[in-house]
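Below you will find the structure I want to go over with you.
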Amino acid sequence: MDVLYFAWVRERIGKPRERVETTAATVMELVAELKAREPRYEAAFADISALRVAVDQELADFDAPLDGVREVAFFPPMTGG
Amino acid sequence: MDVLYFAWVRERIGKPRERVETTAATVMELVAELKAREPRYEAAFADISALRVAVDQELADFDAPLDGVREVAFFPPMTGG
Amino acid sequence: MDIRVTGEVFDFAEQARGFSDGLTASGAVVTFSGIVRNNAAGTLERMEIEHYPGMTEKALRSIAQEACARWALEDVLVIHRHGVMRVGETIMMVATASRHRKDAFEAAEFLMDYLKSRAPFWKKEVCQGDAGDWVDARDVDEAALSRWNS
Amino acid sequence: MDIRVTGEVFDFAEQARGFSDGLTASGAVVTFSGIVRNNAAGTLERMEIEHYPGMTEKALRSIAQEACARWALEDVLVIHRHGVMRVGETIMMVATASRHRKDAFEAAEFLMDYLKSRAPFWKKEVCQGDAGDWVDARDVDEAALSRWNS
């Protein structure tokens, strides 16, 4: 699936998007896999309460299932308007 | 004092303003004097709850005193905006 | 603060631009504009608004001053027409500017609520072939004021 | 309904006029516009807004559709910029049109409340000589949403 990062999550991880091969069943499991990769992922996902997630471009919870999902995005709380 | 009429009050009484010599102590007493004049005043002031009053260009109650007042206006509830 | 009572047509967008261009500190601008609309039968020929010269500007200014006392506003604009208006013309507008949207929104709603029921304007709708009917005040407009007195 | 996400400067007043001119049944039009403001020290060089192409328009459209379901609106306009903005430029605007002012006001406030916290935009403020700071979401913006869920 495609994993996207925005704002300071993008800056900490150092890229806007990447292709991830995963068998994670939920967003939370995907986060655990990513954190295990490298310190910069560990840093970006250290405080999950400071993050929001979208699954296939819809806001979702961290326990959302990933079955059939094509795109997951991580970002800080939005500041539009 | 000057007595002014607006909207359908003006139309019923048939003039926009007039000079009134009165010793009425309150707006209510002035209304009673005007009603005693002619049927068109009686008609205009028949239902006082449908009227509003301004004393010297400030919204007031019907029991407002008239001592020193120069201008009293009668009109229906306002419909601006 | 800019309060205008006018017998002339005015352009809402041009006034909104002028208001907005004059601001330096406000990140939030709210405008309201009221437009003459036809009735369901499409027979409205014109709207006529009578007002109370002298009291009108005083009442509008007092309402705007109250808004400035209640909310943190950089500026307030009120324009209200009187006289004859055609379908599609702008009857009146308010604009408010503040650092925060909540202040700008609430102040604009407050201005509208008070202006509807406490500024001396009276609307008459004249349809084809009639002498015109005075618009009745709506209970809902009077009730709207209670929001600001709690 | 007109939803636009753009990287270009736009003129709030011109868009407000276009919106207003397109209406036929609404007597009440409310607009909100957000403007880039300098900080207290006057050192803001630019604002940068990042967004999530694809999701952004979808989210804005869904918020606008929800507003149309809740209030009697003739039309809704949302324009939101992304990219680099200078002090004084318009960041975004909403406009709502209805027969009654209450619907137009509430719908505009609803759009703003949701757009602030539920549309994928992120603001960064870049001051003279720094690399920029991401603007923190405000608790008060999150709290504002509760008004619409009772």
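Going in written order, the chains are labelled A, B, C and D, and every chain counts its residues from 1.
Methods note: a residue touches a chain if its C-beta (ideal position, glycine included) is under 8 Å from a C-beta of that chain, and two chains touch if they have at least 3 such contacts.
Note that the structure is predicted; figures quoted are calculated from it, not measured.
Visitor: Under the touch criterion given at the top, what is the topological distance in steps from chain B to chain D?
Guide: Each step joins two touching chains, and the minimum needed here is 2.
Visitor: Compute the centre of every chain as the mean of its C-alpha atoms, then state which one is farthest from the centre of chain C.
Guide: A
Visitor: When the C-alpha atoms of chain C and chain D are each averaged to a single point, how far apart are the two points in Å?
Guide: Inter-chain centre distance comes to 23 Å.
Visitor: Please report how many Å separate the Cα centroid of chain A from that of chain C, as a whole number.
Guide: Spacing between the chain centres: roughly 48 Å.
Visitor: For chain B, give me the residues that contact two or more of the other chains.
Guide: If we look for residues of chain B contacting two or more partner chains, we find 81.
Visitor: Among the residues of chain D, pick out those that touch two or more other chains and give their numbers.
Guide: 34, 101, 112
Visitor: Quick one: which chain pairs are touching?
Guide: Contact pairs between chains: A-D, B-C, C-D.
Visitor: Looking at the complex, which residues from chain B come into contact with chain C?
Guide: Residue positions touching the partner: 4, 6-8, 10, 54, 57-59, 73, 75-81.
Visitor: Sort out for me which residues of chain D touch chain C in the complex.
Guide: Touching chain C from chain D are residues 11-14, 16-17, 20, 23, 25-37, 99, 101-102, 104-105, 108-109, 112, 144.
Visitor: Going by the contact rule at the top, pick out the chain D residues touching chain A in the complex.
Guide: Within the complex, chain D contacts chain A at residues 34, 49-52, 54-55, 58-59, 80, 91-92, 112, 115-124, 134-137, 141-142.
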